[in-house]
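The following pair of complexes shares a single chain, chain A, combined with chain B in the former and chain C in the latter.
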Partner chain A sequence: MEALEKIKAIAQDPYSYALNLKKTTDKPVVGNFCSYTPEELVFAAGGVPFRLFGTKDDISLADAHLQAYCCSLVRGGLEDALKGNLSFLDGTVFPHTCDSIQRLSDIWRLNTGFAFHIDVVLPVKLDTQSARIYMIDVLNSFKSDLESALKNRITEEKLRQAIKLYNRLRQTLGEIYEMRSKDPDSISATDLYHVIKASMITDRDEFLELLTLLRDELKKKIKDRTLNTHKRIILSGGICNHPDIYTALEESGAEVIWDDLCTGTRYFEGDIEESGDPIEAIADRYMTRVVCPAKHLTVTARGESLVRLVKDRNASGVIFMFLKFCDPHAFDYPYLKKFLDDAGIPNILLEVEEQLPSDAQLKTRFETFVDMID
Partner chain B sequence: MADQPIVKDPEKEKRKIKSVSKMKEIMTTYYIEAKTAREAGKKVAWITSGGPVEFLIAMDVIPVYPENHGAMVGASKMGVDLCEKAEEMGYSRDLCSYARADIACSVTDGGPIGGLPQPDFLVCCNNICGTVLKWYEVAARHYNVPLFILDTPFIHTKLSESAKKYVITQTYEYIEFLEKQCGKKMDFDRMHEVSRLAVEGLRLWQEVLDTAAHKPAPMTAFDAFFHLALIVTLRGTQIAVDYYKQLRDEMKQRIKDGVAMVPNEKYRLLWDNLPVWYRTKWLSEKFSSHNACLVGDTYTSAWSGIMDLIDEDNFIETGAVAYSSVYINVSLDIMLETLKKLIKKYDVDGLVMHSNRSCKPYSFGQYDLQKMVMKELELPTLIIEADMVDARSFSESQIETRIDAFMETLKP
Partner chain C sequence: MITAGIDIGSITAKAAVLNDGHILGTKVMFTGYNSRQAGKAVIDELAREINMNPEDLDAIVATGYGRNSVEFATKAITEITCHGVGAHFLNPDIRFIIDIGGQDSKVIRIDEAGRVVDFAMNDKCAAGTGRFLEVMARALEVDLDKFGDICLQGKAPAKISSICTVFAESEVISLISKGETRENIIAGIHESVASRVSALAKRVGVVEPVMMTGGVAMNIGAVRALEGKLETSIQVSEYAQVNGAIGAAILAGKEVG
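Here is the complex of A and B:
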């Protein structure tokens, strides 16, 4: 599985990959924190969208800018920027997400000194015509902001190519998710985690090649009937940057076979219409895909879709995984839990700070949880 | 033996603001009206503190403010108990304590007034935070009532033309929503009158706050926190206008009579962020003991801060833009400009920032603002870590030490 090895190498050390990319190409690397980053436009402008996941280092420099009651993604991202760990970034794009990211954008702009900084103040509600019109306006101005930042015109042709490429990327990611859902032995959850992570970092042309290779290899491997007898679990939350939980769960007799994560299905679900106006088509993907909790569709949209997901995926439990201090997810949790409880779906909550709970703790929790599932 | 009359300290009596009793009366009447609205055949809407209430007033809907309620919970020191209830319901302790306290009240009918009246519908304007969006979604599910969201894009550098168009269109959608909920058409003449009263109320409120620029200040930010309730709750009514006239006149009279709120005002300070509701008295006495007066704050001036953007003859469109431009919906650099103006206007000797665990959009960035203020204005600053309602996040000894130390640095 050569493709998988390459992908894993990238996901395990994204910064080295980016530094090397800067050495070998002249492509601008564009940092971002959110699955609402209109990546197709960045790609069409010749850039490589690069998702930031927080830091592995201890927080020291970010402490001078952000209180301790801020989520580790925001604090960690800033820490890496201030330390110079992100020297490969040409600039950063901040789609409007939550209150914390909103302020991070200001602090970032005032302190980090990257060549460009673009705020994409998307609408928060996605259920009205006027929001759609505003979304289209915002995407258009993002397009011109990018053009001047990257000194590269985004022609309609380039944008259409970008959309095509992204559709193929997303579909292929979806296919691999499907394979794992069908036969969890075809690719491990940890490996799939590396695939999805690399998909948000790697030069997308290069990545599509790797991904297609991987899919073809997996196709040969997958069995019609899975021999895997582990309990089927869905992971729900924001960002997951802790592959260890997959192994801990496996050891407890369960498998994450699908997810509802910003760094998971929310990244690749929903195609973009390839005919018609490309900017409108990009807007329409955001207007119709499953929302992130910082956006509004209807007051029960997320609960309904989570219950449906569990049934469709033939799963038997849900693990919620949130970063501590994350408001949007914490606000939705009680109601999502209620929806699951009412549908008789076992679920637990894992709140993560910088570090996961200890292995032993994690295993005990998972084992108790797996026992709850009949 | 006849009862001994209680001897009041005449010095203290002189400093008490007489209008307070009037204010209490108005608020009591307001809450009684809100709680009996249904019997009176009136609709009740919950609305966020930064939301355009004028339209509700014009439609004869009684507006109710969960945030004002949150402040009452805090001031009556019921916050911890209610927050803990919300936590039992699964709401994380790290969420805004207004939201936690209010959600718990919805379910238990607890709190100082036995819970808020049930809403017929909800109006959420996210110009103050993303929290209110989630909080109102919770309320919409709990009461199973319609929710209108007025989405005001955050201003990092400026409000774009498309954002303006978006908020104006939504204002018309808001009117349609109200017409549908109330089963009647908007009376635009009445709306015009309400807008006029709203702007007049804002102007008067600003005049009240401005009196504290006088040395010594006839009132403090702690008084402003208390008197703020009407500009939030009854903006657009004659009641608010009359009240703030009375209050302004009382303040002007105090200036004439030389009445200072802090007896030996020597140091003038500016406060940033929401109050620590359950500790206003303690904090106020603490600062007074150092002859320090909190003469102004960024919070109570947030409402009137936008009034220059409003043209009362075109309230629908200019109001939408003004509401999008409130203090907390703008970037740190724009906030800094406002801070500088306040520092200058009130001629303060220091800035006290409440790093409020509950309110992330107000608190994140304070460290940067602090640095900018110290660098550009060479103004001493103090940061206090606390929470507006949840007293568990307040460490008296730590805060006391910090205030004492800070005051020492101000002394010559």
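Here is the complex of A and C:
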């Protein structure tokens, strides 16, 4: 599995990958914190969208700017920026999602000193006609902001190519997710975590090649009838940057076979129409995709979609995994839990920070959860 | 069939021996530094008390945070599952369990067969645990065993607003210096524990009847304070502290069929 090894090496050390990319190419690296970043435009402008996941270091510098109620992603991202760990970034894009990210944008602009900084002020509702008009307007101004920041004109042709590439990337990620869902032994959850993480940081041309290779290798490996007897679980939440979760779950007798995560299906679900106006087509993807809790569809859309997902994926339980102090997810939790409880779907909540709870605590929860769904 | 359950908690190690659904004996000892030895010690001691040879046990299930360190156990099962089975054994009507132990608190909803339907645990914090009560008893120079009884004498519980154990201790010290009565301070401390645990319970959804298990269930002040917060009566069995071990012993029976 040569492709997988290369992908894992990138995902395990994203900063070294980015530093090397800066050395070997002249491509600008564009930081972002969110799956609502219109990456197709960044790619069309010649940039490499680079997702930030927080820090592995202790947080000391960031807390001079942020309150204790900010999540570890916001605090950790700022920590790395202030420490100089993100020196490879040419600039950063902040789509407007939660309050903390919005505040972080201004603090980032004032304190980190990257060459450019763009806010993408998305609408809160994405599915109305007025939101669509507004969204198209936002994407057009993002396009011209990028053009001046990266000194590169985004022609219609380049944008169409970008959309094509992203469609292929997203479809291939989806295919690999399908394979794991069909036969969890085809690729481990930890390996798939590395794949999805690398997909958000690697030079996308290079990544599509690696990903296609990986998919072809996996196709040879996958069994028609899986031998895996572990309980099938869906992981729901914001970002998951804790591969140890998957191992602890496996040791407890369960497998994450699908997810509802920003660093997961929310990144790759939804194709973009390749004909018609490309900007309108990008807006339409956001209008139809299932929303993250910082956005609004209808009051029941996320609950219904989660219950449907459990049934479609033949899963027997849901683990909510939130970053502590992630208020959009926390606000939605009681209502999502009620949807699952009413449908008789076992679920538990796990709140994490940059560090996981102790192994003993984690195992106690997971083992009990597996007992529960026996 | 004679089976045993061993529950290695953060502060105490518990054992229970059952003979086809009859409790032959139970034992509580301090876990100490070595949880490996604690499991062996507690079952040996109990076996001696009930005049049996530990070798004659048909199966042993280990539970509690130290469950995987009991090498001679037939199987390890989490204390949440075991508390569900134990409470169901003691009273089959029970649908909700509040287990407050030394280092964490858990709320567990069970079905009519004693199976866990939902649960929640506190996170990374001593608020709402036995340790919180221990720290406060020390600050007030009161014997932990008398803590609950003194609590009931408090007419107007003092307000303890800090959630953090360390800050709450400073709050208690400043209440002492302001001349607040010991009874009212202790009642306030129990109100604080009850607030934390009842919030956890409401997340899962309380279904009556409710039973309290774990070491803190022996503290009448904690039980009464929780009854007030949850507006329900709470059953406490004489076996509350060894409930997890009893559940483990029952599950051990299922291991050998």
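Operating definition for what follows: the second predicted complex is superposed on the first by the 374 of 374 C-alpha atoms of A that agree within 3 Å, B and C clash if a C-alpha of one lies under 4 Å from a C-alpha of the other, contacts with A are read in each partner's own complex, and residues count from 1 in each chain.
As a convention for this text, contacts are C-beta pairs under 8 Å (C-beta built on N, C-alpha and C of every residue); 3 or more make two chains touch, one makes a residue touch a chain.
From a predicted model like this one, the values you see are computed outputs, not experimental measurements.
Engineer: Going by the contact rule set out at the top, does A:Ala343 touch chain B (first), chain C (second), both, or neither?
Structural biologist: neither
Engineer: Once the shared chain is lined up, is A:Asp371 touching chain B (first), chain C (second), both, or neither of them?
Structural biologist: Only chain C; A:Asp371 stays clear of chain B.
Engineer: Chain A residues in contact: does chain B have more, or chain C?
Structural biologist: The larger set of chain A residues in touch belongs to B.
Engineer: What is the contact status of A:Ala115 with respect to chain B (first) and chain C (second): first, second, both, or neither?
Structural biologist: A:Ala115 contacts neither chain B nor chain C.
Engineer: Which holds for A:Ala9: it touches chain B only (first), chain C only (second), both, or neither?
Structural biologist: So A:Ala9 meets neither chain B nor chain C here.
Engineer: Would you check which partner chain A:Ile133 touches, where first means chain B only, second means chain C only, and both and neither mean what they say?
Structural biologist: The first partner, chain B, only.
Engineer: When the two structures are overlaid on chain A, which partner does A:Ala360 contact: first (chain B), second (chain C), both, or neither?
Structural biologist: So A:Ala360 only meets chain C here.
Engineer: Need the overlap of the two footprints on chain A, from chain B and from chain C, as residue ranges.
Structural biologist: On chain A, the overlap between the chain B and chain C contacts is residues 351.
Engineer: What does chain A use to touch chain C in their complex?
Structural biologist: It comes out as residues 341, 346-349, 351, 357, 360-361, 363-365, 367-368, 371-372.
Engineer: Using the touch definition from the top, list the residues of chain C that touch chain A in their complex.
Structural biologist: That would be residues 65, 77-81, 104, 115-121, 123-124 of chain C.
Engineer: Considering only the defined contacts, which chain B positions touch chain A in the complex?
Structural biologist: So the residues of chain B touching chain A come out as 89-92, 94-96, 99, 126, 129-131, 133-135, 137-138, 140-141, 147, 149, 151, 153-154, 156-157, 160, 162-163, 165-166, 169-170, 173, 331-333, 355, 357, 360-361, 363-368, 385.
Engineer: Quick check: in the complex, which residue numbers of chain A touch chain B?
Structural biologist: 64-67, 69-70, 96, 98-100, 102-107, 109-111, 119, 121, 123-125, 128, 130-131, 133-134, 137-138, 141, 293-294, 296, 299-300, 324-325, 327-328, 330-335, 337, 351
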